[in-house]
Amino acid sequence: MDSRQNIKRLLTLGLILLSCLVLFFAQGFLSSFNIRILNLAAIFVILGASMNLVLGFTGMFSLGHAGFMCVGAYVSAILTMSPASKELIYYMEPIIPPLANVHWPVFPAIVMAGVVAAFFGFLIGFPALRLRDDYLAIATLGFGEIIRIIVTNTITITNGSLGLKDIPSIKSLWIYWGFAIATIWILKQLINSSWGYAFKAIRDNEIAAEAMGIDVFKHKLLSFTVGAFFAGLAGALMGHLITSVDPTMFRFLFTFQILLIIVLGGLGSLTGSVIAGVVVTVSMEFLRFVEQPINLFGLIIPGIPGMRMVIFSLLLLMVILFYRQGLMGTREFNWDWILDKLGVARRKERGVA
Amino acid sequence: MELYLQTLANGISLGSLYALIAIGYTMVYGILRLINFAHADLLMVAGYIAFYGIMVFALPWWFSFLIAIALTALLGVSIEKIAYRPLRNAPRISVLISAIGVSFLLENLGIVAIGARPKSFPRPEELVWNIKLGDISFLSLTVIIPIVTLLLLVAVTYMVNKTKTGTAMRAVSRDFETASLMAVDVNKVVSTTFLVGSSLAAVGGILYSLQYPQIDPLMGVFPGLKCFIAAVMGGIGSIPGAMLGGFILGMGEVFLVAFMPELSGYRDAFAFVILIFILLFKPTGILGENVVEKV
Amino acid sequence: MEGYESHIYLGEVNGGTMFKKKYVTVITLLLVAAFALAGCGGGGGEKKDAAQDAASDVIKIGVYEPLTGTNAAGGEMTVEGIKLANQLFPEVLGKKVELVIVDNKSEKQEAANAVERLVSKDKVNVIIGSYGSSLSMAGGPIAKDAGIPVIGCSPTNPAVTLGNDYYFRVCFIDPFQGTVMANYAFDKLGAKKAAIIQDVQQDYSVGLNNYFEKSFKKLAGEDAIVAKVNYNTGDKDFSSQLTAIKDKKPDVIFAPGNFTESGILVEKARELGITCPILGGDTWESEEFLNRVKNTKDVYFSTHFDSTQPVTEMSKKFKEEYEKAYAGKQVNAFGALGFDSYILALDAMKKANSADPKAIRDALAGTKDFEGATGLITLDTNGDATKTAIIKKVADGNFVYEGKVDPK
């Protein structure tokens, strides 16, 4: 057993080194377009994992993720933009004084974005989490829309529909994937803690969980708030990736894309969310070819804009109808599984020892 | 005074439209306990079929409307068969995801097949004209829509309460298994419900297209969401409740904008705020029954 | 309550599912690998492209426009104009011009991806786009970083070109348009009281209204704006907003916005018995809007181009060719702006005698009295076009030329 533990530790270390190496080479050799797509993938990994915590692990059908992203994106944008460009961009109505001169470094601003989003999550979760299933879905969808509508209408804080631009740009893969890996690690710790077991108990049967003495409401609120925190973080990163934000970015469509990721990956599997997050983001870009005219042996098929979304909607339906557990079900990546696959011998050795 | 009367007329026309669509939602929810997200897109489908019937196939408008209703009802039934029935014993989240999937598929197919550019919906002269009463002026639809809604409400209420199918529906909505043990053909009842619900959506979609004569593939999304809210407000599963909810929501929106113009940007938030209050203080809605959670 | 049994049993070994699962895992891994390879392929090919660039016999013009989503109609019209220009002028500097058109789905992150793709994967020399200012703002910084100049066809928000030396545009901007309409309302229509209806979700509508309000107050006094109401993109019921406005009895209503919402809004206003003139902006010039309002009168809007009053030789040519190429479609301002963006790009290359992006940028910055289909274009220090605005009105079921306003 001991030796196996050591092997696993070594493997983990190796994996970390390997991913650093991969990031290093990717950063150095990939074109800026490919890097952008990978960065976007990291953001969707964070979104997928955090929504999976709420939906897949705690069983709460929340559709408000886009709203929390919106909060996060705006918080980080307003904190990091330079006072000069704020003056330029709020040309219709100036920004209110205390915010006009703040100029934070990027890193604390992103964390702050998560904290503010979490606070909103807490506020919203308090009333909304008394509801269940479809009621919760529609209420959180509503809260997401309300956030967006408020952001649109409070011009002296958010510049309304004019949006913000000149948000400090982050291009490095290290930062996006650093955040993504940190998110996964934190969520993994949470899920494997006693809190995590309580989440899963609530998901599987709320009434039974309550009967076992789990404070259902408190746990739901925690899961929801943590989910909102990471959504805010991802929103902030999104802002720094695109360098401009406006309220129409965070429509319900966004939540749909995240939903697609966690369903494909498996409700209740972080590993699944990671894989699906990358695959969906990359193929979203890759599938552009279906929208462009295709020349098939001299036969020209005109490109149809919108075809990608049809493919993704169909994919979502197919998975939910025929392969409901998705890619990973509720299983996670783990070394034991790989070791077992690689060498049954090890197991036998251990048996002898 | 004129302002009040005009606003009242506006409210009646919007409210009755909401009410009509909400009835369809509430029927499906009552039976399957499922937000049929695709219901909203059936409005769009009906609008487009009616549009093509009149504009391309040059059919008389009433015939085109009938075809639209029939085809939309058929589509509604097939959606249930294909996307909801296989998941009947699955977790509720799966069915909801499936519903969202169907809704997105219909919208995106619409964009691919028809294009995202809106089309102008024809208004038959026999049906739509301007009425002037002193300083107030409104479309004939302001009168026609509430009448249609009332007629359909009566018809649906009669069907649910007085016919054999209606009895079966009520039985199924109480308990699937018990109903099937009592020799109720559950699948048939569910299909009938979707048939009726989708027809109502089709009528709603056509009236909506007449009232706001510009149709596009995403036209159903917002009315759909709001009408679901109306159904929840009135007490989901309750048909008079849906009617009441639709009217409260429609009137509320219109009065909010007319008398507090500075808040008009928050109009869409209004529906959600009401929803959240209702859910918190009387989750069963105004006319809903109390249902105790079963273990 | 039946919950997640299906999930719980997944971990158990079950021959059938296990096999399927392995299969799926393998396929996914293969897919990921394929994508990664495709990505690397792109990355590897990059240097080759750069080396070939000087010798390559095509010049690439990238186009990012919304072909799906809420702005699809505008994007479609613009692309029609660009394609037309490409058919008429397929060559520059002795090389073939190739259009690379990508859809930005009317979404910001897609717009950013699209531009990144154009600059780093397709290696375009110059970019045209995009309808919708927020989409242009998402693409702008990326093009700037890559040093590729962009010509905007119709983004009218001033912020698009602010602080971005690589962004130019062939259209006028919101402050100008809003001011023009305020002057028109006051001077020509003799309005003393105005009401404003704006789409709060749309930068275009909010921006135009803001400048209209400021100018009109300057002209007619501080309380000249008698009502200001809002709606949201996608709304269809404007009865209550209009009823509130009717109560205030304004002389004129300013209601710029998407043609989709505005069409219904204007029609509704007339149904409610509001007879005063209704004014809007350039987005109104579309068939859909015309279909809605053709039986009404006193509807005015500012725009970039009028086919009945060709300002330049190019306008005539554009009109003739457009009617030939797209029979049955209305000649429109967005097509004309797309057309102008393209020929302006070619002109800059000719002037620079090079397809090098930096040289094109410098040539563009010096644009003066360029003869486009929409008039004479001069670019100011921000890269914004100063040019004549055309005012049109609806009459006899058509858009009719009403007058023009020259920039001061």
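Here the chain labels run A, B and C in written order, and each chain numbers its own residues starting at 1.
Definition applied: a residue touches a chain if its C-beta (ideal position, glycine included) is under 8 Å from a C-beta of that chain, and two chains touch if they have at least 3 such contacts.
Predicted model, so just to flag it, every value in this text is computed and none were measured.
Interchain contacts join each chain to each other chain, per the touch definition above.
Here A-C and A-B were compared by C-beta pairs in contact; the pair with more is A-C. Subunit B and subunit C have CA centres that are 35 Å apart. In whole angstrom, the spacing between the mean C-alpha positions of subunit A and subunit B is 33. Listed for subunit C are residues 1, 3-4, 6, 68, 72, 200, 230, 232, each touching two or more other chains.
Those residues of subunit B in touch with two or more other chains are numbered 90, 111, 116, 265, 268, 295. Shared contact sites, meaning residues of subunit A that touch two or more other chains, fall at 59, 149, 152-153, 207, 267, 305-306, 309, 324. Listing the residues of subunit C that touch subunit B in their complex gives 1-4, 6, 68-70, 72-73, 76, 200, 227-232, 234-237, 239-241, 243-244, 246-247, 260, 263-264, 267, 271-273, 288, 291-292. Here subunit B touches subunit A in the complex through residues 33-35, 82-83, 86-87, 90, 92-94, 96-98, 100-102, 104-105, 108-109, 111-112, 116, 225, 228-229, 232, 265-266, 268-269, 271-273, 275-276, 279-280, 283, 293, 295, going by the rule given at the top. Listed in rising order, the residues of subunit A touching subunit C in the complex are 29-34, 36-37, 40, 59, 85, 88-89, 91-92, 149, 152-153, 160-163, 165-166, 169, 203-207, 238, 241-249, 253, 267-268, 275, 278-279, 282-283, 285-286, 288, 291-292, 305-306, 309, 323-325, 327, 329-331. Remark: subunit B residues 2-3, 6-7, 10-11, 13-14, 89-91, 111, 115-120, 130, 132, 135, 137-139, 211-214, 216, 218-219, 221-222, 253-259, 261-262, 264-265, 267-268, 294-295 touch subunit C in the complex. Residues 1, 3-4, 6-8, 10-11, 20-21, 24-25, 28, 31-32, 35, 38-40, 42-43, 46, 67-68, 72, 101-103, 107-109, 112-113, 116-117, 119-121, 134, 137-138, 140-141, 145-146, 157-159, 162-163, 199-203, 205-207, 210, 230, 232-233 of subunit C touch subunit A in their complex.
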